[in-house]
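Provided herewith is a single structure, encoded as structure tokens, for subsequent inquiry.
Going in written order, the chains are labelled A, B and C, and every chain counts its residues from 1.
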Amino acid sequence: MIETPSLVDQYCHGVLRTELGLGTFEARLARTEGPPAPGTTLFDTQTGFALRRWCPPLLGLEPHCPPARYLARRRELGALEAGRRLLRGSGITAYLVDTGLPGDLTGPADMACDGDADAREIVRLELLAEQVADTSGTVESFLANLAESVHTAAATAVAFTSVAGLRHGLALAPEPPGPGEVRGAAGRWLAGRPVGGPLTDHVLLRHLLWIAVSSGLPLQLHAGLGEPGARTDRADPVLLTDFVRATAGHGTDLVLLHGYPYHRNAAHLAGVFPHVYADSGAALVRTGARAAAVLAEILELAPFGKILFSTGAHSLPELHVIGARLFRDALGRVLGTWVAEGAWCLEDAQRVAGMIAAGNARRVYGLE
Amino acid sequence: MIETPSLVDQYCHGVLRTELGLGTFEARLARTEGPPAPGTTLFDTQTGFALRRWCPPLLGLEPHCPPARYLARRRELGALEAGRRLLRGSGITAYLVDTGLPGDLTGPADMACDGDADAREIVRLELLAEQVADTSGTVESFLANLAESVHTAAATAVAFTSVAGLRHGLALAPEPPGPGEVRGAAGRWLAGRPVGGPLTDHVLLRHLLWIAVSSGLPLQLHAGLGEPGARTDRADPVLLTDFVRATAGHGTDLVLLHGYPYHRNAAHLAGVFPHVYADSGAALVRTGARAAAVLAEILELAPFGKILFSTGAHSLPELHVIGARLFRDALGRVLGTWVAEGAWCLEDAQRVAGMIAAGNARRVYGLE
Amino acid sequence: MIETPSLVDQYCHGVLRTELGLGTFEARLARTEGPPAPGTTLFDTQTGFALRRWCPPLLGLEPHCPPARYLARRRELGALEAGRRLLRGSGITAYLVDTGLPGDLTGPADMACDGDADAREIVRLELLAEQVADTSGTVESFLANLAESVHTAAATAVAFTSVAGLRHGLALAPEPPGPGEVRGAAGRWLAGRPVGGPLTDHVLLRHLLWIAVSSGLPLQLHAGLGEPGARTDRADPVLLTDFVRATAGHGTDLVLLHGYPYHRNAAHLAGVFPHVYADSGAALVRTGARAAAVLAEILELAPFGKILFSTGAHSLPELHVIGARLFRDALGRVLGTWVAEGAWCLEDAQRVAGMIAAGNARRVYGLE
């Protein structure tokens, strides 16, 4: 009843084009610390069941067929062709791609081509800083090159993203660090760092956030579930409250990614602060048959013009499919129920569905 | 199927009788930091949609009509007449009115008259202290006048309310502050304070709470969502656990207002401590079509004799209507489903509905 | 539609065989600080209503009959016979019994006999340590006897359980305490302790946990709701993250009991760490008609091979019945809905139901 003809995936990654066996495929269904427990499989999860519901038909199989059969068919088609069929069957019309993950993942151009869709790049701040560090000789050149790199990236990227919350927690001091503080932190980090070493210093993470805020490009902040073994509560978006207030009025939008299991807190911030937006997508890939329930919780406090769709998918095009199909199905189910109950009228529901699926993202990211 | 013929709104404010334009009306639909983001409107929220569902018919319009049309009709009738029609259409038979908000809001007498209902006053402790401070010359007279004022208010008010949780957070030291500590804090506050200056000192906030506890009148504590830009987690009712234990056996009931998104914690305290009650209303105004889901979460742990209804509404009589209608609809839907599933019997459901809607409040506040 | 022919209750206690009056019976329906508030009764709770739904028919009465009538019938049959009828009507085929609660509760052998089921013992670590302390003269003999006792218990018990989270909170230092630290803590505790005095020292609590980890037997950790007046947030399973990571690879499974209202965090840990399992049962006894909603939240992130059923019941066999019936009904309702929506296929749903109801527990605890 409720239609979402177009989907803008406001946060995802590219896919692998290499062939995957049952074990390597399974390992990419979830982010875990270690292999599945004896006697269990990651296919026996909401993500696994959602995959078996939505993906087999796109490759010519019946829904819910066994994993081994699905993977046999996938290999028969080849990873490239299977990927094209999956992405094109997802319903996604634009991919905003975070290119900051390691591994041989396709970039925006390939995603556009494989998926017959638009694609734009999201630049991951921490990776940018690490790349600049790899090629800068002194603290001064590092800081100058960093500012220049962010500036340059802002000219072509559609957004910045930061994993400061996953690396340090979101309880960051809200104000920008002073120049001396930044120089000191940069000096210590550069001196002790091997090539490619990750950025985890909280002063530099905050410095990066504020450079990004000054660029005017939307800034996506990871919150809630992230690194598998990390303390989830340290990425509760409520911890961002002071940072959010400090960045109000700078003209830069903040997008809270994921959020689950603290998505109600993300929705609250999106309701209170004009420049804050809440992600409604990535949690759905993980919660599968519960997608409508989780989405409905986000729809409690977040204004309907402040909610964005994403899949958060990476490596497997199946995850893009699941994210999109679960979202579309959940949105239709939730809004359709409210229309059936008389709480909403159909015209409003259609309008809101279009906003969350694509319209809000087009406005926030300046997509035509 | 489940009837709630009578509703006692155990916590609300008065309404504005001035005419409101589209912008000024919209600004009162939600508490935000700043105007709506470009391209968005606060009418596109659960509160806005609930308003469009429930209020237009009370003014002779069809449900879900556009906001501009609704406001034109409201102006045509005049704020006073529209307010009377709305309040009388809410189903609320008694209003307990917190008179401690600034602005030209109607008091209990006007609410009773406009709404054709009973109305009683709730006294806000912090405002009382500020008023006493405005007219007291010394620390000694301030403290004596404060005790006297609370005592006097207790003779006519139906309850006290405190926003200590919103001003300082609920992680307050549980025991009453000592006399010397109170005198010191009062001296510092009075010395530095301009006329009308707000009370935020945590020693005085605790002192106030304990004076109120000694009065024997029910004490309402704001928890969960409150000031729009405040850290929500600092008002998690779980932080009140030690204060709650310290006040057990004093003969004074504590009522946890709002609670959302930590309403399950409020419900838990209501289940564990005989003198604690949980509010089930104010969250519903904000969550609209999700009211039944939120109410059901409160109904998990809170004993049915410990749950109270409120709207938390202020300024717009529309918010009283929404609060009441959403509650009534949600309660009927939740309990009706449990009856249909065989989990509850109809007779119990009717009885519990009457308790939550009005009976519990009548008992706790001593209303006849 | 979804069948669960066999139920393994992976965590419960024994029952009282003494006759109970209305007041003494009611007091065991919930864990509270003090008697019910005036004008309220603990029968007006989800637990009370669930009892009235499920238990009267097992004693030959109609569902939802008044509490006084139910208790009259219970006395007429006698506590022993009523208990046998109730336990045998619960559908539970194996009880894992924590024998560490005070009071005259039946042990595993009686539970097996009364319930016509299998029963095994779970050993409570803190009680074991207290018993060893009662009979050990020196620090050295205490520590040696403790290690010996755990070792001996591991030979016959099916699991260990710890209430460290309820006594100290789950924010325990993750690593094992050093030998000197343990000796010092033991010396202080033994010196100051009356016979029977409870173990609350955090060094010794951690020492116990690590002895248990080294035994290889599954270790059950209480999380979420526990002691009625305790700060619930201090038992949030998210606080166990570092301990969980520290124990990975030792070959010992951790089972997070209860979890509610932080059950989503428990489910997340079960999803991330191979050796972590989540309990899906004890919360249901408290939330009654909401059991399906709470169970569904656990089913979001926890892999289906990592979820275990329990009742957490003690003293009243009615609580074993409620826990089992609510679980069975909720599981059937949740999975059945997903099948009806096409999200899951029936075959998968049947298989998962069997895993959660019994299969996972059989594998984890090595029951044949």
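Operating definition for what follows: contacts are C-beta pairs under 8 Å (C-beta built on N, C-alpha and C of every residue); 3 or more make two chains touch, one makes a residue touch a chain.
Worth saying up front: this structure is predicted, and the values here are computed from it rather than measured.
Annotation: the chain A:chain B pair of sequence copies touches via predominantly different residues, less than half of the used numbers being shared. Superposition of chain B on chain C using C-alpha atoms only gives a rotation of 120 degrees, nearest 5. Rounded to whole angstrom, the centroid-to-centroid distance between chain A and chain B, based on C-alpha atoms, equals 37 Å. Among all residues of chain C, none touch two or more other chains.
Those residues of chain B lying in contact with chain A across their complex are 30-42, 44-46, 49-50, 53, 63-64, 225, 228-233, 261, 286-290, 293-294.
Taken together, the chain C residues at the contact with chain A in this complex read 236, 238-239, 241-242, 245, 248-249, 253, 264-265, 268, 271-275, 296-297, 299-301, 303-306, 338, 341-345, 347-348, 352, 355, 363.
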